[in-house]
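Dropping the structures in below, format is structure tokens.
In what comes next, chain A is part of two complexes: it sits with chain B in the first one and with chain C in the second one.
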Partner chain A sequence: MINLAQRETKLMVAVHGWSGILLGLLLYAVVVTGTAAVFADEIGTWSAGHVATQSAFARPHGKVIERLGAQTPSKYREAVDLFETGDHDLGVFFHRHETDAAGNLISRGVFYRLDEASRVVEQRPATNEEVFGATNDNALSSFLVETHVRLHVPNPWGLLLTGILGLAMLVAAVSGLLIHRHLFKDIFTLRRAAKPVLFNRDRHNVAGTWSLPFAFVLAFTGSFFSFYGTVGIPIVAMAAFGGDVEALNETVYGNPGKPDARPAAMSGTDRAFADAIRRAGDAPTFAAIENFGRADAKLTTYHPPSEGGLAPISLLYEAGTGAFVQVKPLIGQRPSTGGTLAAIMSPLHFGNFAGVLSKGVWFGLGFAMCYVIYTGLRLWLVRREAEARSLDWLSRSVVVVGLGLPLALLVTAAVFLLTKPLDTAVYWVPTGFVLASLALIVAGAVWSSAAAYARALVLWSGLAMLALPILRLVTGGPGWSTALTASQPVIVALDCALLLAGGWMTWQRLGSHLRSGRSDRLVLEPAE
Partner chain B sequence: MLLTVISFAITAAALGALCLGDPKRRRTARLDGAAHSSAARRMLVVVGLLPGAALLLAAHGAGFLIWLGGSAIFGWLLTMGAAGRTNPSAK
Partner chain C sequence: MQPTARRWTRVALAGPGAIVTAVVMMAGMTQWLPSGTAGIDNLVLPLVLLPILWAALFFHACLDRRLGRVAIVAGGLLLVHAGLLAYAFTAGHPTAVKEKGR
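And now, the complex of A and B:
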């Protein structure tokens, strides 16, 4: 129990309420898309119909990578990024670091894509933005992540905006903790049959109290990621490296050893990947080769945390021979507390440290955050019911964003399924989202009441969820037997989740509609 | 994984017992029967927290976070579910 003086409590209530009402809708958009993005990889697999399960790093691509290095202009052999793309194909991006006209550090070079038989199925000059941006295959998951990370606002403003929203969430969590006098006493108290203000307060408090530790963790780590590149790195570079970000990166993330520019064969990659998979217990999610084709070339592999661990694993190899050098800390050359703290920021935010189980828990926590924000906004409105007419626009806005945004995302998923076979998903996914959002905003403005619109949105969302698995199959997605035969349970699991959630929501709405219809008839009986 | 699941199951059972005997919940829902005493509630809180402490002592960071997050979600859903069964005539 926290005791504040009455004046301070009033101040905290005002801070809590106004920070929520001013930034709550934007914060809700970030949290909703973040909750969905916890399963971005799985959504990518489901939506694109990927059935391959063997990691591209487990296949021997070494000779082809060496040949591609020989045919790539030498200026682009400064570094090579290796990552999975498409249905477990291998993306190979030979590049050098440059500063563009706006002063931003970019990578420019040649991108290759290798299929499972190591055939080059794509080859083009590209920048890092093009290589790691949305493709026809991953347009949906990429859209979700992009919305969560920067709300589609250009850099650095988008990151700054989401960073500020993370700080607002921290402010709301701290002020909520301070104004809630009976944090533990009320933890099981939810009075469904009470007056609207009390009921809304209870459901906001209960969800907020249970998820409070994670509100801090998710808000802090989210702000960390937003401000890390936009504020943190430039400030450190200015203070210690005369503004040279590349020098900072080299010092903080660079590899140990003396430069040796003599040409050397790069025949150790397959051996290094096999060893890395054995040491880390899992295939890399990303790998990078520095100074490709030189005697001092180093290969770094990046893996998920080991069983029971939180920090991701990085291993360093000699690229020429495949000899293991050391376990590489995220920051610096030697393990440090700062390096470990920086390394666990990512698993703490994304919940990707223990496979589907930790992701499922993080999804649930994200859902709880959405619930806290939505019920908080509802509570603010219910408390001001007397001014209902003047706040009707806000009430409608809360419904449009709170229930309309998830529906718009479901429509966007449908748009992806329809346009992916036409190779136009990159254009139509954001366009579909904007059109769906506009339609839902207009409908929200003209609907008879916010409450009636909320009921309609729940029903439409339920129906959309039920329709998505069918649409996936109709547009050429793999069936359940194909997915299960290929040991790809993700597709079946997401189909089932959509059918269950959609069925439940539809039943809730139609069931209550039928019940109210039945009770109307019962009331009419005596008059008849 | 097994350690995490067992830890979560113990905490979930403790949370269930705490919820059933929670004095304020029983009072506001006008339920018959006695609520837990303070001593009983304290004991249940300790039982509920012990698995988390065990995971921390075992340096099982991932298990600890899954346990903590899972328990938070379970507690929330439990409270929502228990409220659904409370006396609707208490309007």
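And now, the complex of A and C:
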């Protein structure tokens, strides 16, 4: 039980309400896309129809990487990023670090893509932004992540915006906790027989209270990520290194050892990857070689947390021989409080520390957060309905964003499935989203009422979910037997999830319509 | 102080005041936090703690009835950390750390 004086409770209620109403719609957009992005990898596999399951790091690409290093201009051998791209192809990005005209640190070099037989299927000069940006294969998952991370607003403003939204969520979570006079009672109070406003407030309270710790963790880690590079790094570099960001990065992320610029063969990568997979129990998600072609070259592999662990693992190798050097903390050369705290931010935010199980829990809690934000906005509006009838536009906006945004994302997925075979998905995915959003906004403005529009949106979303698996098959995606034969159950699981959710939503709308003979019973009472 | 003036002072302390103080504290903490076994705690912990610092200052400004105490706490933290930074710059500490970092 929390005992806050009446005056402070009133203030906290105001802070809770206004933090939600001022930034709630944008926050909702960030949380919805973040919830979907928990399964970004799986959505990428499902949408692109990837059926390969063997990691690119488990294949012997070492000799080809060494050859590519020899043919790449020496100025780009400062560092090499290795990562999976497409259907378990290997991306190899030889680069050096530069400062662009705007003073931002960038990586510039040559990018290669190797297929499963180590053939070079793509080769081009590139910057890090181009290498790690959207491709035709991952346009949908990349779009989801980009929306969540920066709402497509250019850097650094997008990150600053989502950072501020994270702080607003932190404020809403803490003030929500403080205004609960009977926290434990509220967790179980759901008065079904009460008036709709009271019943809906109970639902908001129950969902909000259960997901309170999660909201706090998400808001804290999310704002940490947003402010880390935009505000934190430049200011800490200024305070401790006179503004030299590279020196800060070298201290925090650098590898141990003395410089040795003598040329050396880089024949240890295959051995290092095999050893890393054995030690970590899983293939790396990313690897980096620094000082490629030199005697002091080091290879670092990055892995998801091991079973029962929370912090991701990284292993350090001599790149020339593949000899294991040490288990390396993600941050710093030795384990430390700061390094560990910073390292667990990522699994805490993304929920990827225990595979599909933790991702499922994070998805569910993210969904609960969406519900809490949406119902919170509705409650705020209902309380002011009597005193301010001019809030109809806000009521419509809440419906357009709350129910229209998920539908726009479903339409975007359909656009991806249609345009990927044409190799135009990178252009059409964001364009499709904008067009769908505009259409839904216009429809929301002219529809007879916000409640009627909400009912229509639920029905359309259900139908869109039912249509997506069919569209995936029609546009050349692998069938269930092909996916299961290739040990790729993700495709089948996502198809089933869409069919079940879509079927339930459609049945709710149409069933209610058929049962009552009228279509205004079901979805959104004013207080929902 | 008039109620309206008190309200706006509180808003200023909880809004821009909390942001400025949290950012200056983050920078200043690099000067006094122990660097730890890996030599990075003083650099990484302030980055991690920034949202918490801001939230603590924000809620203190909202909930403490004594506005003077809010101003003293936030102002004191701001001055101490700004002073540490000013000392580090005038004594050339950032350059020294830079050399060590390399």
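By definition in this document, the second predicted complex is superposed on the first by the 514 of 528 C-alpha atoms of A that agree within 3 Å, B and C clash if a C-alpha of one lies under 4 Å from a C-alpha of the other, contacts with A are read in each partner's own complex, and residues count from 1 in each chain.
In this section, a contact is a pair of C-beta atoms (placed from the backbone, for glycine too) under 8 Å apart; a residue touches a chain by one contact, two chains touch by 3 or more.
Keep in mind the model is a prediction, meaning the values are calculated, not measured.
Q: Between chain B (first) and chain C (second), which, if any, makes contact with A:P263: first, second, both or neither?
A: In the superposition, A:P263 touches no partner, neither chain B nor chain C.
Q: A:A239 in the overlay: touching chain B, chain C, both, or neither? Say first, second, both or neither.
A: The second partner, chain C, only.
Q: In the overlay, answer first, second, both or neither for which of chain B and chain C A:G103 touches.
A: neither
Q: Check whether A:P154 is in contact with chain B, with chain C, with both or with neither, and answer first, second, both or neither.
A: It touches nothing on chain B or chain C.
Q: On the A-aligned overlay, A:L357 touches which partner chain: chain B = first, chain C = second, or both, or neither?
A: first
Q: Which of the two, chain B or chain C, is in touch with more residues of chain A?
A: After superposition, C is the partner touching more of chain A.
Q: Touch check for A:K185: first (chain B), second (chain C), both, or neither?
A: First partner only.
Q: Mind working out whether A:P335 is in touch with chain B, chain C, both or neither, as first, second, both or neither?
A: A:P335 contacts chain C only, not chain B.
Q: Mind pulling up the chain C residues that touch chain A in the complex?
A: So the residues of chain C in touch with chain A come to 23, 26-28, 30-31, 36-48, 50-52, 54-55, 58-59, 62-63, 65, 85, 88, 94-95, 97-98, 100-102.
Q: In their shared complex, at which residues does chain A touch chain C?
A: 4, 7-8, 11-12, 15, 166-167, 170-171, 174, 219-220, 223-224, 227-228, 231-233, 235-236, 238-244, 247-248, 250-252, 329, 331-339, 341-342, 345
Q: Spell out the part of chain B that touches chain A in their complex, as residue ranges.
A: Interface residues on the chain B side: 1, 4, 18-19, 22, 24-25, 28-29, 59-63, 65-66, 68-70, 72-73, 75-76, 78-80, 82-84, 86-91.
Q: In their shared complex, at which residues does chain A touch chain B?
A: 185-194, 202-203, 206-207, 210-211, 213-214, 305, 307-310, 344, 348, 351, 353-354, 357-358, 361-362, 364-365, 368
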